[in-house]
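Heads up, there are several structures right after this.
What follows is chain A paired twice: with chain B in the first complex and chain C in the second.
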Partner chain A sequence: MKIFNIPEEENMNPGHVACPGCASALSMRFALKALGRETILVVPACCWSVIDGPFPYSSVKVPLFHIAFGTTAAFASGIRAALKMKNKKANVVVWCGDGEAFDIGFQTLSGAAERKEDIIFVCYDNEGYMNTGIQRSSATPIRAWTTTTPKKYPKQELKKDLVEIFAAHKIPYAATATVAFPEDMIRKFSRAKEIRGLKLIHILSPCPSGWKFPENLTVKISRLAVETGIFPLYEVEYGEKYTVNHIPKWLPVEEYLKKQGRFSHLTEKDCQEKRAYIEKKWLELREKSKSLEKIPILVNN
Partner chain B sequence: MKKLLTGNYAASYGAILSRAEVISAYPITPQTQIVEKLSTMVAEGKLSAEFINVESERSALAVCMGASATGVRAFTATSAQGLALMHELLHWTAGARLPLVLVNVNRAMAPGWTVWCDENDSLSQRDTGWIQIYCESNQEVLDSVIQAYRIAERIMLPVMICMDGIFLSHTQEIVDVPEQEKVDRFLPPYKPPVFLDTSSPHAFGSLTPPPVYFEFRYKLQQAMDEAQAEIEETGKEFGNIFGRNYGLLDEYLLNGAEIAVVALGTVCGTCRVAIDRLNKKGNKIGMLRIRTFRPLPKKKVLEDLRGVKKIMVIDRNISYGHHGILHQEIKSALYRELNIPVFGFIAGLGGRDITPEDIEQMVNYTLKHEEPDTDILWWGVNR
Partner chain C sequence: MKFRASELPLTPVSLRNTIPIRTGDWRYVEPFYEEKLSPCAFACPVKTDITSCIALLAEERFGEAAELWKESNPFPGVCGRVCPRFCERECLRKHLGGSIKIHLLERFIGDLNIYVQNKIQRNGKKIAIVGSGPAGLACAYHLSRKGYEVTVFEKENLLGGLLRTIPSYRLSQEIVDKEIEGILKQGMDIEINKELGKDFSLQELKQQFDAICVATGLKERKLNIEGVKLSNVWSGREFLKLNKDIQNKKVAVIGGGDTAVDVARVALRRGSKVDVFYRRRREDMPANPYEVEEGMEEGVNIEYLSEPLKIEKYGSFLRLFLKKKADGNGEFFIDVDGVVIAVGEEGKTVDGEMEDTFLCGDILTQKGTVSHAIGSGKETASLIHEYFFGESTLAVLPVVKPEDINLDYFKVDYPPEEKKRDVSQRIKDFDEVCQGLTKEEVIKEAKRCFSCGKCNGCDNCYVFCPDAAISKQDGKYIIDYDHCKGCGICVEECPRGVVSMRRTEK
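Now for the complex of A and B:
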């Protein structure tokens, strides 16, 4: 028997407006369990500006400010400065999609990281602009379908590596997480809470509506992303200390890709290319992470 | 205490005396000294505030909005390109009813690159829901920043204080810097009714469907209407304490005037000189300075202009495809109330000088014509 160690405290209300099976709603639930009520959320344009509910409702039990796309890290810096002037404590948390973190709010986030702003910046990455109807972002994986990268001409470019970019900013804490590993996710939020400076948490957030898979497969897809090696669970401190949290079972990448309509056009060559990228990422990770020295990297055919 | 101050320093003293608690700004000529002065004051511990050196104007305003939403007094300053970069957030600040104060140092918009003055930058932010006050002197800049916080925090709308770049920002004038203790009496600490508070969680700015959105906008307009009385009362009370009175508008020799010159900003100082000269020769010229451009005090404008035979608007700006912005505003205020010809001059774009002689010649033109020859009277342009 496995005993899960997840706090019972609920800081989300029973209702929200996400699609059924949305991992970003589940992620918020886990995050708030770790963060608690002394938390202020900043949300830009993204699915979460809808998920929280229309005026006058809110699906969370903490204050939440909806702000313009591309401005969250600065807005949160202002909250932090005000709390300092008032001598008050709270977790100041940006909760945003990949559009904000990878694209339109990227400069602002870089500025906040450079200034060492004491905020937790969370990107729930559903690998596209879902709120506006599934367009590509710079977080969309190579060869994926979106409404702006049709199957005949799917995305040609690699996804940006957000954690590595901010590790290069030497922020005190950067970590990846996903919903199939709730204890790992909760632990990371609890850690982030205790560290001063900018903390980045990059959540892979499977999206049934945008990735085209049945809504009961969310957790399975999340798990497969980790077990195939596509989405490594790891933490980086000050851009130097790397810790890999989970060694994949090296399941075949097809198990992940074939379950999603957005990859249904992929050829064997594309899968081979995917495997090569996974291998490259893990070789880099193994090089950087002392704890990984001896593990074999067995990206499976 | 009397000091010799540039407009930029006057604005900085305004923010300091108002006890701004969070300040964020991004350098741009001709506003830069405000950023330098305030960041140095904070760094040296002479001002108890957080100064955040951001990577863009958009972020500067976002920082101030975050601070204001958390219940502290925030200040920013910018100019031209920076103000334009803030545009989306200008709407957001007013819509979220955050009582910030922003000093805009008026500068013409590029291209080509220019650092000289005109007012197209702030006038084209007319419809964002900010109160806009235009200053004529450095003393007025300092005094207006202090008044701005009181107005903003009472009606929960942001205030933009505008001063002409170079002409005020970089010109020293003698400025009476009020005592802190008196300012504290005039401007109580900021205590908003709701703010980001973990003990009373609210969601701000959520999805707002048609059944409710309209009412929020109606309320914003109501606040603008209320702002008129607030600006007047604040100006009077300021006068009681500091001996300098301010109102919505500033009338000069309008009583019995036959021609009213209408303008805003520093050109009004030039107008005063020209008008004095002209009136010495027996003319009856007066001036209406639009200190408060938003809300536009339409009733008061009408009261002031009733009785004049001709109106002369001098615009240091243009709404391309129409005409001068103030020209358009004044005409709309007159509609069906006063049937007076309006002469719309456009002058001084991109910082070209407007001299007292220019004004005298504009008046002479107006005296000689029953109606303007053209919709736009371009002044001094080489065609």
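Now for the complex of A and C:
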């Protein structure tokens, strides 16, 4: 009795060098199952430039470009232009970490969105610069520990809301996904494949070494992020049509936070603050999404 | 493969896949598939493979489910009705809607009346089994299915032993008949009206048979108080055999076991008023708690902490003197028409030399339930087989612990309501009190099962492997140990505890 039905096609080889329990490797596996072999990946400096394997090896069964930091969307636009000239079809997919999407490559992404480039832009968000030694990024959540925001002075700033930023760019499709919901993730990639224009998929990618939790809990943490309401699974079309894909079970937010070493210093007040942010986010979502009108938001229970 | 910077081409292109990179060498622990014993099967005295049978029921493969069940227990119809449900107490669904109603599923399997075939070649060994109660018959059944030539000796003229004393409102005798018929179909000889010590001796049997198994149960315990020899003072078994109406009479029952409750409910149905006196508290009663509850619904009055002192004859009635344990001076008496003493069992029914004989059932275990007797019969059959051929058939599997189950994959779901006949109706006759489930209810109930420790192909291990190191072949999952990094996601995400971790041998 299957719980998740995912395509059998495997477009990633074992032997990639991700850490044990890496969610971004698992996300790539799901993504390539949906995208198929006719795909070109563009990867800037990020975990995946390591994970794919050292020269002369590559773990994915599709072409993958390792490129300079901060240039992904521009590079992908170039590939799309070249494909157009050659009259060839392929999914051009940017696969980058949160450093590229939230910080360093932000301007090329914004530019590509404005030019309506036909690319799928995927950010696997592990909430920090993980492969250089866990530094803070603008995707690191508030009050989290990183090596540059030690427990005595944890991060004071809120995480950027990437999907909302690009919803404001009125791109045809922006969605969130995470590994605990493989069918949902695969459906979103399949959907993105069919749409012309810039598609953004924001994947929450729990990182055992950076977030400080045992590697067997990757999927559990990912599921808790959704079920506590911290990471809503939703999609936005043209910045207007909001659809929430999963109503959380509203588990206590502590269940998510207490499992991770990076939040081990949080006090009850901090948890209360988190709950307030979650509630605010969901109230916003409820206002924007017509399907959500009657859904209760039970964060404080 | 390593390169110096000067050796790299101007635009390096990786053309090989990563399969040669043996990431499995990073690992210090590794997952492996290990089917486990579910808590229900572990608690079951017969060790029936309950989860596998329920999985078959869920797929509507009723016949196969019945055959598998009868591999270990030839009495599903009986056990589904009278077993105190050790399995359901351990069910891990308990806190998520309620335990699976395993007894009702078992009862359904029993009521299908499917006889299993026995095609095994006879192996020429002759075994005598003394006693045809649940233990003796189960032992005979399993031995016959292993190829032995079995002869069963019974002192009464009807096979079944204690099964024949269970009142028919709990267990219809037709079901006993049908299940015994299924056992006899395995091929065995029957000698009825033959009592050990009277018609034959163990010595005689030893000359004719290769092995002897004694399953004659226990004697009823006697109460050492004044007046137990008076008329209208019966033992529990005597009373249950007695077949007369006792309208408008008062009966006192001493004891708190299954027999005491049976006596009380039978007396009630024969039209008398019943008081049960038990020397300890309700929670100490050895009787099946479900039976106690049903009896109380029907109007059986139970006095706890009451110890009998003596019985005296007063004219046409009997006066039973008792002492309340809780109060200091709590001596009291009750005037009744009959007293039934059902205070359990003790003492083996067979005395003397028992060398070179196998035992099974209550005479060995003294557990006092039908299920334990059947389990003991099965175990002794395996021991006899081991004695002759040295093959142990009792496998040892680890048991699923509650923390092995991933509750994220299960929702709260409630069992069907148990159907019982209305109290006012059921106390008037001896027809069955409890009703079984319909086919649809059985499928629905079977689907609630977690299937603890038994893989049902949910694919979670395959789906969530970040290393693509788990593949499927012919419905089985294969771990690629050259690449598995030992993260343990498959162990964590397995809903039913089939994948385990072990240290990697280096």
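The rule is simple: the second predicted complex is superposed on the first by the 296 of 301 C-alpha atoms of A that agree within 3 Å, B and C clash if a C-alpha of one lies under 4 Å from a C-alpha of the other, contacts with A are read in each partner's own complex, and residues count from 1 in each chain.
We adopt the following convention: a residue touches a chain if its C-beta (ideal position, glycine included) is under 8 Å from a C-beta of that chain, and two chains touch if they have at least 3 such contacts.
What you are looking at is a predicted structure, and each value in this text was computed from that prediction instead of being measured.
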Using the superposition on chain A, tell me whether chain B and chain C clash or fit. clash
Per the contact definition in the header, classify A:53: touching chain B only (first), chain C only (second), both, or neither. both
Applying the document's definition of touch, where does A:61 land relative to chain B and chain C: first, second, both, or neither? both
Quick check on the superposed pair: does A:226 touch chain B, chain C, both, or neither? Answer first, second, both or neither. neither
Using the touch definition from the top, say if A:40 reaches chain B (first), chain C (second), both or neither. first
Classify the contacts of A:78 with the two partner chains as first (chain B alone), second (chain C alone), both, or neither. first
Tell me the contact category for A:104 with respect to chain B and chain C: first, second, both or neither. neither
Partner chain(s) touched by A:3 [first = chain B, second = chain C, both, neither]: second
Only one listed stretch of chain B (27-35, 135-143 or 207-215) runs into chain C, and it is 207-215
Intersection of chain A interface sets (partners chain B, chain C): 52-58, 61
Interface residues, chain A side, partner chain B - complex: 37-40, 42, 49-50, 52-58, 60-68, 70-86, 90, 107-108, 110-111, 114-115
Interface residues, chain C side, partner chain A - complex: 1, 3, 8, 12-23, 26-27, 408-409, 456-460, 463-469, 480, 482-483, 485-489, 491-493, 495
Spell out the residues on chain B that touch chain A in their complex, using ranges where they run on. 21-22, 24, 49-50, 52-56, 58-60, 62-72, 74, 88-89, 92, 196-198, 200-209, 212
Contacting residues of chain A [partner chain C, same complex]: 1-4, 6, 10, 12-23, 25-26, 29, 52-59, 61, 179, 182, 208, 214-220, 223
